[in-house]
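What follows is a pair of complexes built around chain A, which joins chain B in one and chain C in the other.
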Partner chain A sequence: MKSIVAAPAAASPAGIAQRPHPGLGQRSLSLAWMMWPAVSFVGAMIVFPLAYAVWISLYDASLGAEPRFVGLGNYLGLLRDPEFRNAFKVTWLLYAAALAMQLVLGTWLGVVLNGVRWARNLVCTIAITPFMLPPVVVGMMAMVLLDPSVGIVNWLIGLIGMPPQLWLAHPTWVLASVALVDTWQWAPFVALLVLGGLQSLPVSVFEAAEVDGVIGWRRFVFVTLPLLGPTLLTAAVLRSVDLLRFFDLVFIATRGGPGNASTTMNMYAYQQGFEFSRFGWASASMITLSLVVLCTVVVFARLRRAVSW
Partner chain B sequence: MSTVPASPLHRRSPSALLLGRLQVVLMLTLVLLPIAWMLLASFKHSVDVMTLPPRLFTAPTLDNYRELFGRTDFLHNTWNSLVVAFGATLLGLVLAIPAAFAISWHRMTWPATLTLFARMAPGTLFLLPWFVLFSKLDLVGSYTVLILTHGAITVPVALWTLLPYFDGVPRALIESGQIDGCRPHAILLRIVLPLVVPGIMVAAILCFVFTWNYFLFALALSGFDTKTAIVASFNFVGEGVTNWGALMAAASMIAMPPLVLALLVQRRLVSGLALGAVKG
Partner chain C sequence: MNPVIRTLALACATSGAVLLSAPARAQSFDWKHFDGETLNVLLNNHPWSNAIRDLAPEFSAKTGIKLRIELLNEDPQRARLGTLLQAKSSDIDVFNSLQIREGAVYAKAGWYADLTPFVSNRALTAPDFNLEDFGEGLRKTATFGGKLVALPINVEGPLFYWRSDIFAKCKVEVPAFLEDIPLAAAKLKACDAGQGVWASRGVRNAIPYAMASFVFNSGGDFKSADKKQPGLCQPKTITGLSMYADLLKNYGPVGATNQSFPQVVELLGQGKIAMTHESSNEFSNIMKYPGREGDLQIKVLPKGRDSGISKPVAFGFGLSISEYSKKKEAAWYFVQWATSAEVETKLVAKGVAPPRTSVFAGPAMKNWAGEKPVRQQWADALREISRTGTGDYASPTDRVPETREIIGRAVQEVVLGQKTAKEAACAADIDLAKLQ
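Here is the complex of A and B:
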């Protein structure tokens, strides 16, 4: 293991020990062994559980019952299960609403941040704070602020004459509320990615646009936005991975309710596995979710290759 | 750094400047208001938390914190959180630093891709097999199991954060170390490591924050004695919101460490969170 660097050369004809000279043809530095601790850890903690989950998803395995092999039965059952279909729909609705808001607001905030001259670092640091907060804290804040009777949000919208809303307790609006809270937390993240993207754009393009009289809104739409394409797609991929697996906020603030109005696929899988102890069924739904995430990422990766310049 | 809107040809008009400032103020208000509200509420009497229209400046009280630390095990829970977060951070760095060195030197891609897959799967997927495995080993509820499982988060995060920093070390430096007869571990410890200290700082902070913030693994795998602060405050929510002041005090306490650490590394965090997809 340790004789990776060239071993001392055989005694030279003159009998004088020579330092090995690693020139051409000498063994080059091999460091592969250095990653084996990490790879074995990942293998034990991530690959093994994945394989176990795939295996158990082929069984009808519940608490206290003998596991019975059902092949793809769990997966076919999921497709017919109205609860899972609902979770699928909820996941994509939430995904579309939150992703759209986060990309639009994030781009706006990024452009605003890029214009900040004074105390720029301070402003950027403040923009980091929401997505550094623990999800539990964000959930608690959401519950307190959005409480129908004593929350300050209802009081604030009452000031401008709007009727109080149920927010997290309303079967239709719960998704919008959750998407809004997630946007509060993650639009600043998109903004900082956009800021990084803006700063890496070639200044010459903007100068050329100005010489041609393309300024203001038109410059933003026809010059800045297309150039930001790759950055926005990167942001979209990163947010997609999290949004499709949406769990924390609904788990804390709504428990998937009211009813199953905010039961995302991840929430559904958790309930099936840990509340109803249907291990095979839950594993099948978690693997389906993983495949959905994987497919989405692949699609975005293709798109990103198409728009890179 | 080039900045786009600063154009050499057009000075921005005063009204445009004012509009820009207003947007910044609006943004900062939206971001900070909920956090400020939480902090403020934690220093109010419970009755005042729920009063509308809100009373901004009531006589501040420490009652909520007194109740939190006096009547519950929150101090012990915070200690557990610290043990697990430091443990998982250390584990992540010890495993990821040599791995990042090797992966960067050999310009490999598959290990990074492997850990990326881990990031795409929901955490619940791992929880079930872990629970079965660690129940058999009789480890559920121990610090060991909490540190190991959060290591599944910290190792990939540390790896992805460190790789760009290791890629930035000139190869010639490593080769010259080799010529001088350094063994690989000496090259890593004496030559490379001092150069990537900023990367290690960012990685350590991200690992700590991720472990501190993640509640699912600790929720399922911690025992009564090893319950973390996040899980404890999550249970406060589950027990029905009765004392909002104390709830906000708990939220403020567990929000502090990530916020303070975020202040330390600022924007370098973003490139770490973006998994090397962008350099912020």
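Here is the complex of A and C:
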């Protein structure tokens, strides 16, 4: 088996490209048409809308007015717009808080689940329930639970003598509250990824660590966590894409308020596009958001390659 | 007369009569003309929409036209409408919209079909349909550039609701002037600390609707004296804005800045607050709560003591046909049926205030209102706001939705203690000026 795979490389030590089998190219060409449904789908559903959004972001396009070409005017306008700058800041604050909580809690939960022997499947099934819920349901649940008058959260903290808090209605608390709700929903997802990662780690490494006397907390920090690096980065990438596009929970529970304290970039773009009908401006903010997401994913992908083992 | 001549004369007369009657027959209106068609109707979640959905089978039985009615909350409905009509989609035949808010922009975009040719076409319009039955103000609101773009489906505006039993228990006089409301709120709070006092809309874009009359009755305006600039930073406007924000801040429910009409209705219905300034539309919802028909009273927001002004907000949603609909004539059948006196009379019982003068003054409304004192108060208040109300409570711009966000944010800043009323109002004026 090994010799069969190695044979072509041995035959071309200088790296000279091998001529394909005479019949293979013709067959590839004859089958090329089979790619067209996929290519058409990608073109129609991804490339065209994206290109259209880029194109419209270069225009001052509002409802009821003739579109006017402004070049990068909308993008420069975004940089000067205090509302957009606030949305940018809110997005990153929410992203940082929620991602940190989800990775920490998810890792802890994954390690705990890995140690559970009894009824692990049942526990896992319960754990995945939050992220199977539609965001609208989660938003409504958050509104009910965190309601300052009748919510159970204020009742519970009242039992330990704390005053009621305006969880979703005060600028100081709203981002933390939204991040907590999102963490409740998505930390189990990270936990499942971590659980899968833990179960795929080589047992021999842990046995060697044990022989060397590295146990308990030190084993977790110096052995388990580095080995889990790629898994955690994968989780971070998946959650980053979602968190930077944060919308549904904010839309349902706070509408971006109070004031603009929870207006994320996505919420800002929604308001500009659908409430104020400023399509060019909204497209520019969405393209900016897409670039932010893309850059973040690229950074994590590079990190992922750096820590792979 | 010779029988032959008589027969010929009779034949000629009959033929003439048939020929003469042919154009009349061609122009005769027939409700079954579009039997078998299907219309897509996109409505927002509104008491009128819910009521009309219940009556839809009657329309189908009468015309043979099937209706696919989609009901969405106000913002999602606007978003869906925008997406479809911007793409010139024919998927929507009929929709409702708020002309004072988005009418100018929708009309500029060419989304509304002109209803004028339908109204004047006797073959397409029922003989008893009377456009003049809608008040002149309502028709004017629904007309852009000489085109009638919608037919009014209701009349609404915020009204002052108060619990007479709580006022009586605390021996507090019912506010006769606007300035009496904070005083009454203070007395009610002192009387029973466990009883909620006030609630009103605190969500950004919902605030101006409930706050506008506080501004007007204080002698203020959202426009400058020459009506060319934003006018939030004027002293009397600040007084009204401040009063509304202070009521929410000092006597409102916790978390008021996240609350809009559903929460206000809930609080009032459950008896948790003593007074509010909320939409007339919510009357039927509030009355569903036990006890409220007996202890709730309604009137127009009291006039300002110093200004002597009573200027309530009043307007109505309108039903329109999409310019891109491929079934405009069938759609017109639905629009004229839904706004007919017959249907409006039926909607009265569901608490929808009729925009037709004949129905408002008619026996059905009188009988229904006469059954309960609170209904009579509601009808009287609506009659008053229809006469004296305004739908113009934005700074001078077509970008009305954005003005509501900015004005609402200024009020929120005062409620949250981030700025004084003057600071918030004057800062908002700068942002409002950018929309012009």
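Just so we're on the same page, the second predicted complex is superposed on the first by the 273 of 309 C-alpha atoms of A that agree within 3 Å, B and C clash if a C-alpha of one lies under 4 Å from a C-alpha of the other, contacts with A are read in each partner's own complex, and residues count from 1 in each chain.
In this section, contacts are C-beta pairs under 8 Å (C-beta built on N, C-alpha and C of every residue); 3 or more make two chains touch, one makes a residue touch a chain.
Note that this is a predicted model, so its numbers are computed, not measured.
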Partners on chain A (chain B, chain C) - clash or fit: clash
Which superposed partner A:Ile46 touches (first chain B, second chain C, both, neither): first
Touched partner set for A:Phe276, first chain B, second chain C, both or neither: second
Touching partner for A:Met35 - first (chain B), second (chain C), both, neither: first
Which of chain B and chain C A:Gly196 touches, first, second, both or neither: first
Which superposed partner A:Leu168 touches (first chain B, second chain C, both, neither): second
Touching partner for A:Ala208 - first (chain B), second (chain C), both, neither: neither
Chain C versus chain B, contacts on chain A by residue: B
From 26-34, 98-106 or 134-142, the chain B stretch with C-alpha clashes against chain C: 134-142
Footprint overlap on chain A, comparing chain B with chain C: 143, 270, 274, 279
Residue numbers on chain C that touch chain A, as the complex places them: 75, 78-79, 82-83, 86, 104-109, 203-205, 253-258, 398-399, 401-402, 405, 409, 412-413, 416, 418
Residues of chain B that touch chain A when the two form their complex: 1-5, 7-10, 20, 23-24, 27-28, 30-32, 34-35, 37-38, 41, 49-50, 52-54, 94-96, 98-99, 101-103, 105-106, 111, 114-115, 117-130, 132-133, 148-149, 151-152, 155-156, 159, 174-175, 178-179, 181-184, 187-188, 209, 212-213, 215-216, 220, 230, 233-234, 237, 241, 244, 247-248, 250-251, 254-255, 258-259, 261-263, 266-267, 269-271, 273-275, 277-280
Chain A - residues contacting chain B, complex: 2, 4-5, 19, 21-22, 29, 31-35, 37-39, 41-42, 45-50, 52-53, 56, 108-109, 112-116, 121, 123-137, 139-141, 143-145, 150, 152, 155, 184, 188-189, 192-193, 195-199, 201, 203, 206-207, 210-211, 215, 224, 231, 234, 237-238, 241, 245, 247-248, 251-252, 266, 269-270, 273-274, 279, 282-283, 286-287, 289-290, 293-294, 297
Of all residues in chain A, those that touch chain C in their complex: 63-65, 143, 147-149, 164, 166, 168-171, 253-260, 270-271, 274-277, 279
